[in-house]
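Pasting a structure below so you can have a look.
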Amino acid sequence: MSILYHSSTKVLVTGMTGREGLFHTKNMIAANTNIVAGVTPGKGGQTIEGVPVFDTVREAVAKTAANAAVIFVPPLGAADSIMECAEAGVPLVVCITEGIPVNDMARAAAFLKEHPTTLIGPNCPGLATPGQGKMGIMPYHIFKEGDIGFISRSGTLTYEVVALLTAAGLGQSTCVGIGGDPIIGTTFKPCLEMFEKDPHTAAVVMCGEIGGSDEEDAAAYIPTMTKPVIAFVSGRTAPPGKRMGHAGAIISGNTGTAAGKVAALQAAGVPVAETIFEIPDMVKKALNR
Amino acid sequence: MKIHEYQAKEILRRFGIPVQPGKVAATPEEAEAIAREFNAPVVIKAQVYVGGRGKAGGIQFGDTPEQARDAAKRVLGMDIKGLTVNKVLVTPKLIIKEEYYVGVIMDRATQAPVIMVSAAGGIDIEEVAATSPEKIIKRPMDMRWGLLPEQARQMLADAGMPSVVVAKGGAILTALAKAFLAADASLAEINPLALMEDGSVMAADAKILIDDNALPRQPEFATWAEPEEANPLEFEAKAEGLTYVKLDGDVGIIGNGAGLVMTTLDMVARSGGKPANFLDIGGGAKAEVMKKALLFVARDPQVKGILVNIFGGITRGEEVAKGIIMAQGELPPGMPIVARLSGTGEVEGRALLANAGLMWGTDMRDASQKIVAAISNL
Amino acid sequence: MSILYHSSTKVLVTGMTGREGLFHTKNMIAANTNIVAGVTPGKGGQTIEGVPVFDTVREAVAKTAANAAVIFVPPLGAADSIMECAEAGVPLVVCITEGIPVNDMARAAAFLKEHPTTLIGPNCPGLATPGQGKMGIMPYHIFKEGDIGFISRSGTLTYEVVALLTAAGLGQSTCVGIGGDPIIGTTFKPCLEMFEKDPHTAAVVMCGEIGGSDEEDAAAYIPTMTKPVIAFVSGRTAPPGKRMGHAGAIISGNTGTAAGKVAALQAAGVPVAETIFEIPDMVKKALNR
Amino acid sequence: MKIHEYQAKEILRRFGIPVQPGKVAATPEEAEAIAREFNAPVVIKAQVYVGGRGKAGGIQFGDTPEQARDAAKRVLGMDIKGLTVNKVLVTPKLIIKEEYYVGVIMDRATQAPVIMVSAAGGIDIEEVAATSPEKIIKRPMDMRWGLLPEQARQMLADAGMPSVVVAKGGAILTALAKAFLAADASLAEINPLALMEDGSVMAADAKILIDDNALPRQPEFATWAEPEEANPLEFEAKAEGLTYVKLDGDVGIIGNGAGLVMTTLDMVARSGGKPANFLDIGGGAKAEVMKKALLFVARDPQVKGILVNIFGGITRGEEVAKGIIMAQGELPPGMPIVARLSGTGEVEGRALLANAGLMWGTDMRDASQKIVAAISNL
């Protein structure tokens, strides 16, 4: 009853011994996530929070059979860590790090084209599968097990909407924060494809925002889905040319506007919420609950 | 990060791209001295972080050193789109035969820098892109190889440039792509790429944006940062580690997380208010940061009240509440503040606010409506 | 009755307008080679020696259907020219240029792994198919049509041996100078494979030299061939660690010695000539002529 | 092109690799002054273009400035494998805990630079390669990506290095690979890569070879070229555009084309002679070049006679003959010269030689036998 992360996933954490890495590793363990290894070059051989630390990802994978990674490595080393995971054959990599130089990500993106690794992020809150665990920094207590898939470009907005869903009795299959950077590994569309295939997901909520054309790409795909999708787009009042916090949230010329995204989604038959407060009812309506 | 034309040209020069000599002047007298040194008619170009200088009168000519001084006098201090001209670039006047465009820009759709080339140079390339996109040749850079010289030449040939520009401009575009990567640029363009009467090809104007995220490994460029006068608060905020964007309204807005703050802006607008700014305090902020953010937002004289919207994950509600209370003494008296706290520490935070007699909202909508109402009651 | 180059091959010449390029273009035309285009950035639109000149290889290919290229571009631009030909889809590229930085060639070699182009050279005399034409700088008058395939790492030694073969009445199908640099496009083995498949080649002469292990690689392949191979190895008196003119002709430690190469070839059943003067008789003997 | 240790370290330093401070001295007094400046025990290291300095006594220590002067006095002027020590590198003495090896070398088999790493550092890596190849971890560099930091760390881990060296050495090896490409090296190695008592990791010694073909785009390195005293003729030949290699025999050999010259060497040896050198005049040489080559070869006092073997393609036989005739007056009287000319201009060339009363051979074998016979008849 999930995509990407399941209770059987064995997770390694790169940059685990840093302040952020350690804090969130504890939280992930508290959420029953199966954290099998940490990776920090120079700290190999230590055991921290009961987790063995290795110098390299390949070694960690060899010793622990880890099959997923969360990255907390600082910005200038994070793209290298993504490539290390890809080269070590880790099939799922979630990169939390914010502030990675965009040229590094362009390089990592090109590298990933030659490796069968799925990247979530960077600059994202990660993902959570309620009842099974989480990879990343999402506050786990807001979730509830259920059959709503959730995808968002932002962090705290995710928590807001998830809290609304949970309060409305709508539990979640998996919640994915895909990240707010201009170059991210996995966009809305592949997430929608995964939810469409997941037998335990009944409907999907996607929270887009200004900038880029990922929402439009998703809109082109949604009509082929059998499951209902409810959308929300933030940044309606954002002026063009200004970077709204997320490196990717910037309107260039006439492209990437909230209005354009809403129109594309509506043209694809997707109900678009005016405010996040309408989302739970729209989901219920779509599912006849 | 924006940098000036003269700085962009300095980067190009380091990568072997021909640019005409030029020096920066901050006074008409300096401009005169530079013109005297060049011993040639000069161009005086305003160094400001906006396009459209020419139309605004920010580019002037001086055939003699005295004329150069007068031209600099006209340009220095000039207001261009809200920016005051503090520096001018003085360069010998060029006799340009043809003008072309070459540029590299990071493209999210292809997840790579895209090379752009057009024979229609010298004018606003976005206009060309909008009105005659077929005049722009594009090619994503293969991050494994960089832009090969032969690929650069091929693009110029495909854009219909004459043979001499294919050869010399090819070397320039190759170097520009190298400079883009080495300087951690998110945009690097030469417009116009000029074919001169003597058959030489050079960068007559240049624009480079540096990726903020890369500044830690570009220490020299980091020292080039200058406040943009149009929004000095944004510059200061960056230095303080806050993400702040100035807007036109009167409702100051603070939140944690870009998406949440954007949504809060939308909600305030929906509630009939006009957001004065975007301010994201990021994750895990302590009371001190919260206080700093409030005082920061209040410095905008347009701000009549402030909405704080925090969903606590790592950020704790009581820290936020403490920060708001700490700021009270230093905020303009009577300025309404509405806080909405959810998630971690929400109970403790709300209790602190209630004790201090401060307003809070049950959710984002409630809080938005409360701050808009409070301002309209002032 | 040839490999690589046939009378139907349409040849473009990069760097054609340079001194060397122009001189040898005239010679190639004199050898009835079908030179259809020259490429020199900045000289596009001119016609030189009756050959139209273009700014780019792609343009030359589009306008003239050239399907082979000879490179005379100076050293620092030659690797780029190789890559340009590869990217323009030219199936056969012969690079004459000597003195290309080895890092450039390493890059070009990696680039060629992603493109289906066969590279001969660099730092080679090119190739000739007697009676049909030549690509490169070999003196065409020394050749004679026939059925002996010829492969060599060096230039003038090639001419010496070819002259001996011609004098002995042994004409050649195709003669290939594969080049003396450490990194070359096509080594002995793939040439042997082509000659093995060529119905008009009866036997092959290969002239190796000290340095590297290409002769040893060839020796491992030769026993699978149906056609006889006669070998010669130069540099028997060369001391270790000294570069013998060719950047590739250097003995490092115990590898790349003439003795080792001779032994490997003899172990593979290949007759190895003591001096070049024995080669014609050894060929005749192998072919029972 | 060979460069000295101190130059190699200068390149490493530019790429951010930690190396201990050091200065070059040409006199004992300079060494003393440098030691005084460092105010610490120093090492005096001979700067010569050969390995095995240590065993030869080319590395000495000085605990005081006076001892440093004496040590420098011992090393300067010393002969190491035929090379005179003209310069020493003076650096503070290191307290090394462990020694490792990292290197990058161009590999013809993989057509790429190969990264090599071994925990058995500080000694001759070729010996390690020969005796315990399993102690060396190798990986070809993917020219599309360069060496990634994670790959560098992985190699050090695979070589069994301790955690601290994996981390710090990984950054060093990554930088070394970058330096290799940027400096157009054909070899770049750090041996030993030293783990110090204080946990730092640095390049205690370094060796870099620069690709001669790349010198035109590495103008700084080109100025670093120095004659190797063991074979000053080779250095001079390079400057003259000739490819010359000194050998041990008495038969001077000149030809056109590396393969042909090598084969000529073999043929002379087979004919009972001992080649004195390898000299390739390249393609298309004119009479002047031929003359220069002859005079050059004759400068080797061991040379008793000279064989010229030319197969004319672009090179013309009459030019070669003219050059030989021109050289006659300046060659040692009575030194036998045998020329063999084939191909373009062979008839004219042979006629010129015959008129001048000079010997010629019908082919390479005949010419080889003739020169060997002529020398033995002297």
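Quick notes
In order of appearance the chains are A, B, C and D, and numbering begins at 1 in each one.
Throughout what follows, contacts are C-beta pairs under 8 Å (C-beta built on N, C-alpha and C of every residue); 3 or more make two chains touch, one makes a residue touch a chain.
Keep in mind that what you see is a predicted model, and the values were worked out from it rather than measured.
Here A-B and A-D were compared by C-beta pairs in contact; the pair with more is A-B. Distance between chain centres (mean CA atoms), chain C to chain D: 28 Å.
For the pair chain A and chain D, the distance between mean C-alpha positions equals 55 Å. Chain B and chain D have CA centres that are 52 Å apart. Annotation for chain B: residues touching 2 or more other chains are 144-145. Across the assembly, chain C contributes 107 as residues in contact with two or more other chains. Chain contacts here follow an irregular pattern that is not a line, a ring, a star or a complete set. By the touch rule above, chain C contacts chain D in their complex via residues 75-76, 99-103, 105-107, 109-110, 125, 137-139, 142, 152-160, 163, 180, 182-183, 207, 209-213, 234-239, 242-249, 253-254, 274-277.
Listed in rising order, the residues of chain B touching chain D in the complex are 144-145. Residues of chain B that touch chain A in their complex: 106, 108-109, 111-113, 126, 130, 142-144, 181, 184, 186, 211, 213-214, 216-217, 243, 245, 247, 255-263, 265-270, 275, 278, 280, 283, 311-314, 342-344, 363-365. Those residues of chain D whose C-beta lies close enough to touch chain A in the complex are 145, 148-151, 153-154, 157, 163-164, 166-168, 170.
On chain C, the positions that touch chain B within their shared complex are 41-45, 55-59, 77, 80-81, 83-84, 87, 107, 111.
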